[in-house]
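A quick write-up on the structure given underneath.
All chains are identified by letter, namely A, B, C, D, E and F, in their written order; residue positions are counted from 1 within each chain.
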Amino acid sequence: MKLIISIIQPEELPAIKEELLKRKIYKFTITNAKGQGKEIPVQEVYRGISHEITLLIKVRLEIAVNDEYVDAVIDAITTVAKQDGDKGRGKIFIMPIEECIRIRTGEKGTTAIG
Amino acid sequence: MGSLLMAQDSLSLEVNAYAIDNLFLFVCAVLVLFMQAGFAMLEAGLNSAKNTVNILFKNIMDLSAGALLYYILGYGLMYPGDGNGWFAFAGFGVSEAGVDPASGALHPQVDWLFQVAFAATAATIVSGAVAGRLKFSAYLIYSVVLTGIIYPISGYWKWGGGWLDQLGFYDFAGSLVVHALGGFAGLAGAIVLGPRLGRFGKNGHSKVIPGSNLALSALGVLILWVGWYGFNPGSQLAISGAANTNAVMLIAANTTLAAASGAVAAMLMAWSLYKKPDLTMALNGALAGLVGITANCDSVTNIESIIIGLVAGLLVVLGIKLLNKLKIDDPVGAWPVHGLCGIWGGIATGLFGGHPLVAQIIGSIVIPAWAFITMFILFSILKSVDLLRVSEEEELIGLDISEHKEEAYAGFQIFTVE
Amino acid sequence: MGSLLMAQDSLSLEVNAYAIDNLFLFVCAVLVLFMQAGFAMLEAGLNSAKNTVNILFKNIMDLSAGALLYYILGYGLMYPGDGNGWFAFAGFGVSEAGVDPASGALHPQVDWLFQVAFAATAATIVSGAVAGRLKFSAYLIYSVVLTGIIYPISGYWKWGGGWLDQLGFYDFAGSLVVHALGGFAGLAGAIVLGPRLGRFGKNGHSKVIPGSNLALSALGVLILWVGWYGFNPGSQLAISGAANTNAVMLIAANTTLAAASGAVAAMLMAWSLYKKPDLTMALNGALAGLVGITANCDSVTNIESIIIGLVAGLLVVLGIKLLNKLKIDDPVGAWPVHGLCGIWGGIATGLFGGHPLVAQIIGSIVIPAWAFITMFILFSILKSVDLLRVSEEEELIGLDISEHKEEAYAGFQIFTVE
Amino acid sequence: MGSLLMAQDSLSLEVNAYAIDNLFLFVCAVLVLFMQAGFAMLEAGLNSAKNTVNILFKNIMDLSAGALLYYILGYGLMYPGDGNGWFAFAGFGVSEAGVDPASGALHPQVDWLFQVAFAATAATIVSGAVAGRLKFSAYLIYSVVLTGIIYPISGYWKWGGGWLDQLGFYDFAGSLVVHALGGFAGLAGAIVLGPRLGRFGKNGHSKVIPGSNLALSALGVLILWVGWYGFNPGSQLAISGAANTNAVMLIAANTTLAAASGAVAAMLMAWSLYKKPDLTMALNGALAGLVGITANCDSVTNIESIIIGLVAGLLVVLGIKLLNKLKIDDPVGAWPVHGLCGIWGGIATGLFGGHPLVAQIIGSIVIPAWAFITMFILFSILKSVDLLRVSEEEELIGLDISEHKEEAYAGFQIFTVE
Amino acid sequence: MKLIISIIQPEELPAIKEELLKRKIYKFTITNAKGQGKEIPVQEVYRGISHEITLLIKVRLEIAVNDEYVDAVIDAITTVAKQDGDKGRGKIFIMPIEECIRIRTGEKGTTAIG
Amino acid sequence: MKLIISIIQPEELPAIKEELLKRKIYKFTITNAKGQGKEIPVQEVYRGISHEITLLIKVRLEIAVNDEYVDAVIDAITTVAKQDGDKGRGKIFIMPIEECIRIRTGEKGTTAIG
C-alpha cells in the first residue's frame, strides 16, 4: 500500500478527478496548501508597493492505494498537467503505508483502502 | 459653518415650501446614492471571492465616472428642455443658480443630484450580469457610454418630455427608464460575453458557481430596499402641498408592500420548485417587487401593490430558470430582476394603474430594445477588437489577481476548486 | 416623475406643517426600517458561519412576511380607534386617503409604515435568541403570529389607547411595547428550545460558540444606533410647532448619550469582571443604553439619560452572566439587551421621567408576561408536534446546509470544530 | 408616542422655518454619525484579520467615550460664546431649552448632536493610522483627550469665533478643523509608534501587509460618501430661506463631483504609476476629493469642484508614496487622505473660493501644527511610560487575541504568514 | 515510530480528542480537508440549480507515536466513529517515521515524539 | 529521498524560509494546521465565558529532499526556533519517500525532487 501525495495546480483538480475516476480510483483527500517552487512568482501591488507572492496557492492531493494502482494515479495526474513547459506544475511523492484501517468497519489492510 | 443670521431672510409660504421640497429631494437623492452600496454588496456577495475586488471597483466607478459623464453630457441630453422628441442637447453642465421659490420648482443642482443617482443605478445593474469575465477597461468604456449617452437619450424620450411621453406612456420612477434599461443592457453583455468557464457543463446541464458571501448580499438587498424610499417617493419631486404629501406617503407604503410580497412569493415559489427555502431567491424576490412597483407606485392601491409584488416574485424565479435553460450566465440575476420585472412594472401600470395599455406596451418594448441593441453593438465591437473578455487563465485565477493584482480577502484561506 | 406644477396648490401654514410632519415621519420610518439591516448583521456576526444563511433569511422574512401580516391584521388590531381597552379590531388594511392638513395629523399610510417598522423590530429580536437550532418553518409561524397578533394586541393596550394607557402607564417609544416584548418572546423561545448542542458541558460549565464575523456585528450595532434616530425622535410623531421641534431635538441628544454611556459602562464592567475589554459586550452595552432610554427619552434630562444608559450597560453584562448561570442559551443576548433593559427603561421612566411609578411597574410586568406566556405556549405547541427544533445531525452540519442547502461563505475554509 | 394634538400650536412662518431647519440639521447629524460605520468598515477592511476586533472597538469607543467627553467638556470649550480668541470655557453640558423660533436659530441639543458627530470623526481618523500596534488603553486616553480638549480648542479658534476666524480664515465644513486635525494627529501617532513589524524590510524597501477584507472597505467608503451629505450640506446649518436652500443644494452637488473626480484621478494616477487599477487607491481618492471640497464646497463652482477633487485624487496617491519613502507606516492612508488633502482643501479655498489666501495659508499651517505637536507630546509621554505599544509577541499574534482575547472571524481559516 | 494519518468526520473530533487523552496521547495536529469517498454526496441547490457536493468537509488528523501506542490510537478513533453503517466515516493510514526531532530542544528519537 | 514534515509556529515561517534558502533548499509546501501539544493554552473570553483554546494555530511545513539535505533542513528549522524553553515550538518528522515524480516533465527520482 502506498500513500501518494501530490501538489497540483488548483485549476487542474476537476480534470485530475475525472482521470482518476476513469481509472477506478474513487477516493482521495485534498487540502489547501501554499507552495514555494521555481514557478514565476505572482506580482501583486498593494497601495503602491509591489511585492512578489512566492508562496502560491496549491492543492495537496492525498491518495492511498494498493501497489498495483500507483502507476494509474501517476498517469492520471501527469496526463492532465499541461506539459507546456511552465514551471510550477508540482510534484508527486510516493510513500509506503504499513497499515490501513477503515474506521467504519475496522477492516484492515489492502481491502480497507478502497 | 454657515451663518445663521442669514437664515430668516424674507420668509414666505413659498419660500418655506421651497425649502421643504428641496430638502425632501436632497434626502431622497442621498437615499438613492446609498443604493450604490447596496448593489456593491449584493454583487460582491453573489460572486466568487476571487472576483470581489473587480466587482467592487466596477460599482465604485459606475458612480464616480458616471457622475462626471452625466454632469458633462448626460443631464443636457436627458433634459434639453425641448427638442424634436427623439434627440436634443441643452449644453454641458448644470445651472448653479437657484430658481424662483414662488414658481415652486427645484434647485437644478439637487435635481441633477437626484438624476445622477438614477443614471448610476442604471449603469451599475450591468456589473452584476457581466461579473467574473469582463475586462475592467471594457467595463469603464461601457459605463461611461451608458451613463453619458444611452441612458440619457431614452430618458429624454420619457422624462425629458420626448416622444414616449407625448404618446402617453407612463413610468413613474423608472421600472423601464432605469431598471429595464440596465437589465437588458446586462443581458446583452451576458450574451455577447458568453458564460463563465465551467458554468454550463459539456453534458448540457448547469453547474453552480456559488456566491461567496451571502451576508453581504443580504445586507445589500436591505440597503437597496431602504434606498428605494428615495427612488420612488423622491420621484414625486415635491412633498409640499397636500396632494404631494399624500402621494409621497402612498408611494412609500406601496413600495414596502410590493417588496414584501415579492420576497414572500419568490421564497414560496422556489420552495415549491426546489424543495427548500432559498435565500438568494428571496433576496431577488424583494428586489423584483421593488422594480415592479417602480413605474406605478403612485397610481395603484395597497392591494394592487401586493399583487404586483407577488407576480414579480414569481416572475423572477421563472426568469432565473429561463436563463439557465438558455445557457445565459447572469451571476446575480440582473435580467430577471431588473429586465423582466421592469417590463412587468410597465405592463402592470396599464393593468392596474389606469394608464393606456397600448402606450405601456410600446414603452415596455422600445426601451428594452433600445438598451439591448445599442449595448449588444457596443459589446460586440469591444469583442471584435478583443477588448471584451479576459483570457481563460486570467478567469481561472480570478480577476482580482489578474486585473488588479490585489486580493479582496488576503489571509483568508479560500478553496479555489469545487 | 411627478408634476411640479401641482406642487404649490393652495399653500398655507397648515399645509406646510403637514408636509413637514409627514416628511419627518417618513424619514424616521426609513431609519427604523434600516434597523432590519442592523439586526441582520449583528445576529449573523454573533453566530456560527454554518448558520448564517438561516439567520439572514429569518431577518428578511420578519420584515417581508411581517409587513404583509401587519398590513392585513396587525394595524387594525393595534389602532382600532376605540374598543374595550383589551381587544378590538378596526378592520383589514389601512386607509389610503390623506387627512385634513388643518387638523394637523399624519397620513395613515406613513403612520402604517412607521408602525410596521416597529412591528418588524419586535419580531426580529427573537431570531437572535433562537439562532442555530430552530426550524425555519417554525420561525415563519412564530413571526407571523407575533407581528400579526401578539404585538398588536399589547400594542393596543398602550399606544392604541387601551387599558394600560388609561392606567397612566408611559412608554414613549417602546422600551416595553416593542423591546421587552421581543426580548421576552425570545427568552421563551430559548427556554423551550433548549441550548445549542455543546453549549453547556456535562461538567456543568458553559462552553463557547464564538461569533463568526464581529466586523458585521459592529456594523450592525452602528446601523442600529443610526436607526434609533428614527425610532425615538420619530415617536414624537410631529416636528412642526416649536414644542415638537424642541422635543425631537432633546430626544435625539438623549438617545445618543444613553447609547454612549451604555457602551462605556458595559465595556468597563466586562473589563473588571473578565480582565479584558470585550467588544461584543460593548456592542450589547450600546444597544442596552438605547433600549433603556426608549421609554423615557422625551421626559428626562441629558444627565439622567447618561445615568439610564450607564445602568443599562451594567445590567446587560449581568444579564448575560445570569443566563449563563441558568444555562439558557441566547446566542446574541436578545433577552439581556431587549428584555431586561426594556424593563429597566420602563422603571426608569418612573424614577426619572416623572411618571407614576406604580403604573410603570404594572406595565413593566404585564407586557413581558404577555409576551413570555403566549410565546411559551406557541413554542411548546410547535415542540409537541415536533415542528420546533432541527435534528441533532442537522444542527451539527449547520442550518444553512441542512435547511437551505446553501452556504453563506462558499469557498472560504471554515474550521468546523472547536 | 407623542401626542398629535400638540402639533399645531400657534404656527407661523418662523415656527415652520424653525421646524425645517432643525429637521434638516437632525437629518444631517444622523448622516454624519453614520460615518462612524464607514470609518469602522474602511479601517477593518484595510487591516489584518488578526487586528479586526481591536480596530472596530476603537471606532465604537471614539463615538461612545467621545460623546460623553464632548458633552462634558468639549462643547463648552468649542462654543464658549465669547472669550479671548484662544481659549475659553462656557461650562459643562449643553442647554436643553429650545430657543426662540423667531430669532431663527437651532436648538442647542441638535447643534450639539451635529458637533459631536464632527468631534467623533476627527478622533476616529487616527485609529486607522495607528492600527495594529497601539495599546487599547493608550487609544482610549488619546481619544478622550482629542475629543474633550484638543479638537474643541482649535475648533474654537475658527468655528467658535476665535482668532483664526477673526483673521479671515475660512473653513466651511472642516477640511482643516476636522480632517487635517485628525490626519496630523494620526501622523504623530504613526511616527511615535513606528511601523508595524515587518512593514519595512531590513534591506530598506517596503513590504506589504495587505488589507483583509476589501469588501468592507468599499462599503465603508460608500457609507462615508453618503455620510458626507450630512457633513457638508449640514454645515450650512439652515435650509429655510431661499439663499440657504440654494447654498445647500450647490454644496451637495459640489461634494458629489469632487468625490467622483477624486476617485477617477486616483485610479488613473495609480494605474499609470503601478500599471494596474488599484481599488484601495480609488477608494482613498474618493475620500481625498471629499476632504478637499469640505472647506470650500459653498464657495466654488461645479467645475472648480471637479478640479479640487482631481488634485486631491492625485495628491493622495503621491502622499501614500511619500509615506512609504519616509518609512512611516499609516495602514489606511489617514494622513494622505485627511491630513494632506485637508491642507489642500484649505489652500483651494483661497485659490478658488475667493477667500484671502494668506489667512488660508496661516490656518492650514496652524491647525495641523497644533494637532501634530500636542499629539506628538501625548504619544511620546505614553511611550515613555511604556503605555503606548504592545509587545512584539502580542503584535505578531494580533491585537484581537492579545488585547481582547477574542477573534473577529472565529472558524475561518486565516493564513497568518506572508 | 509511526505517523498515523486519519481522515475523520469533523463533528467527531471532540470525542476522539477525549478518547486520545484517556489513552495518554496528548499531542496531535489537524488540518482542514475535503474528501471524496463513497459517502452519500450532499445535495445543494443554488439559485435553482442543484449540484452534488462530492468533496465533503473532513478533518485530517496526524499523530506521531511510538510503536506501542499505535493500537491505542486506532482504538480511540474507531471507538468513537459510530458504527452505524453510514459511509464516509474515514480511514486510518499508518506510516513509518525514521526520525523525530523536538524543535525546542533538538532532542531526537522516541523520547522526542511525545 | 525523505519527506520532512515539520509543525512550526506561524510567526517563524519567514525566518525559516530564509534559512532554508541559505542552505539551497528552494522548494516546500505549507498548510495551515492546528496543533495540540504541551504549550500553554490561549485563554479566550467570549461574552463572559472563558475558554481555553488548546488547539493552536500552526504551520505544517513539508519538504521533500534527497538524503544528503536532511541535516540541512533540520538545522535550518532548529536554528530559528527560539530555544527559550517555551513549550510549543513543534516537531520534525522524517519519513521515507520511495519515488518522486516531477509532474511537468515526468522526470523521476532524485533529480525530480529539487
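Note that a residue touches a chain if its C-beta (ideal position, glycine included) is under 8 Å from a C-beta of that chain, and two chains touch if they have at least 3 such contacts.
The structure displayed is predicted, hence computed values, not measured ones.
For the pair chain D and chain E, chains touching both partners: A, B, C, F. Rounded to a whole number, the gap between the C-alpha centres of chain B and chain C is 31 angstrom.
Computed from the mean C-alpha positions, the centre of chain B lies at a distance of 51 Å from the centre of chain F. Averaged C-alpha coordinates put the centre of chain A at 19 Å from the centre of chain E.
A straight line joining the Cα centres of chain D and chain F is 45 Å long. Shared contact sites, meaning residues of chain D that touch two or more other chains, fall at 13, 16, 20, 23, 27, 210-211, 213, 219, 276, 278, 280, 405-407, 409, 412-416, 418. The set of chain E residues touching two or more other chains comprises 30-32, 34, 44-46, 55, 95-96. Screening every pair of chains for touch gives A-B, A-D, A-E, A-F, B-C, B-D, B-E, C-D, C-E, C-F, D-F, E-F.
Residues of chain E that touch chain F in their complex: 1, 3, 17, 26-32, 62, 64, 95-106, 112-113. Those residues of chain D whose C-beta lies close enough to touch chain A in the complex are 206-208, 210-211, 270, 273-276, 278, 280-281, 317, 320-321, 324, 333, 413, 415, 418. Within the complex formed with chain A, the residues of chain E that make contact are 2, 5-8, 31-38, 55, 58, 60, 74, 77-78, 81, 83, 85-96. The residues of chain C lying in touch with chain E in their complex are 198, 396-397, 401, 405-407, 413-418.
By the touch criterion stated above, chain A contacts chain B in their complex at residues 10-11, 13-14, 30, 32, 42-46, 57, 59.
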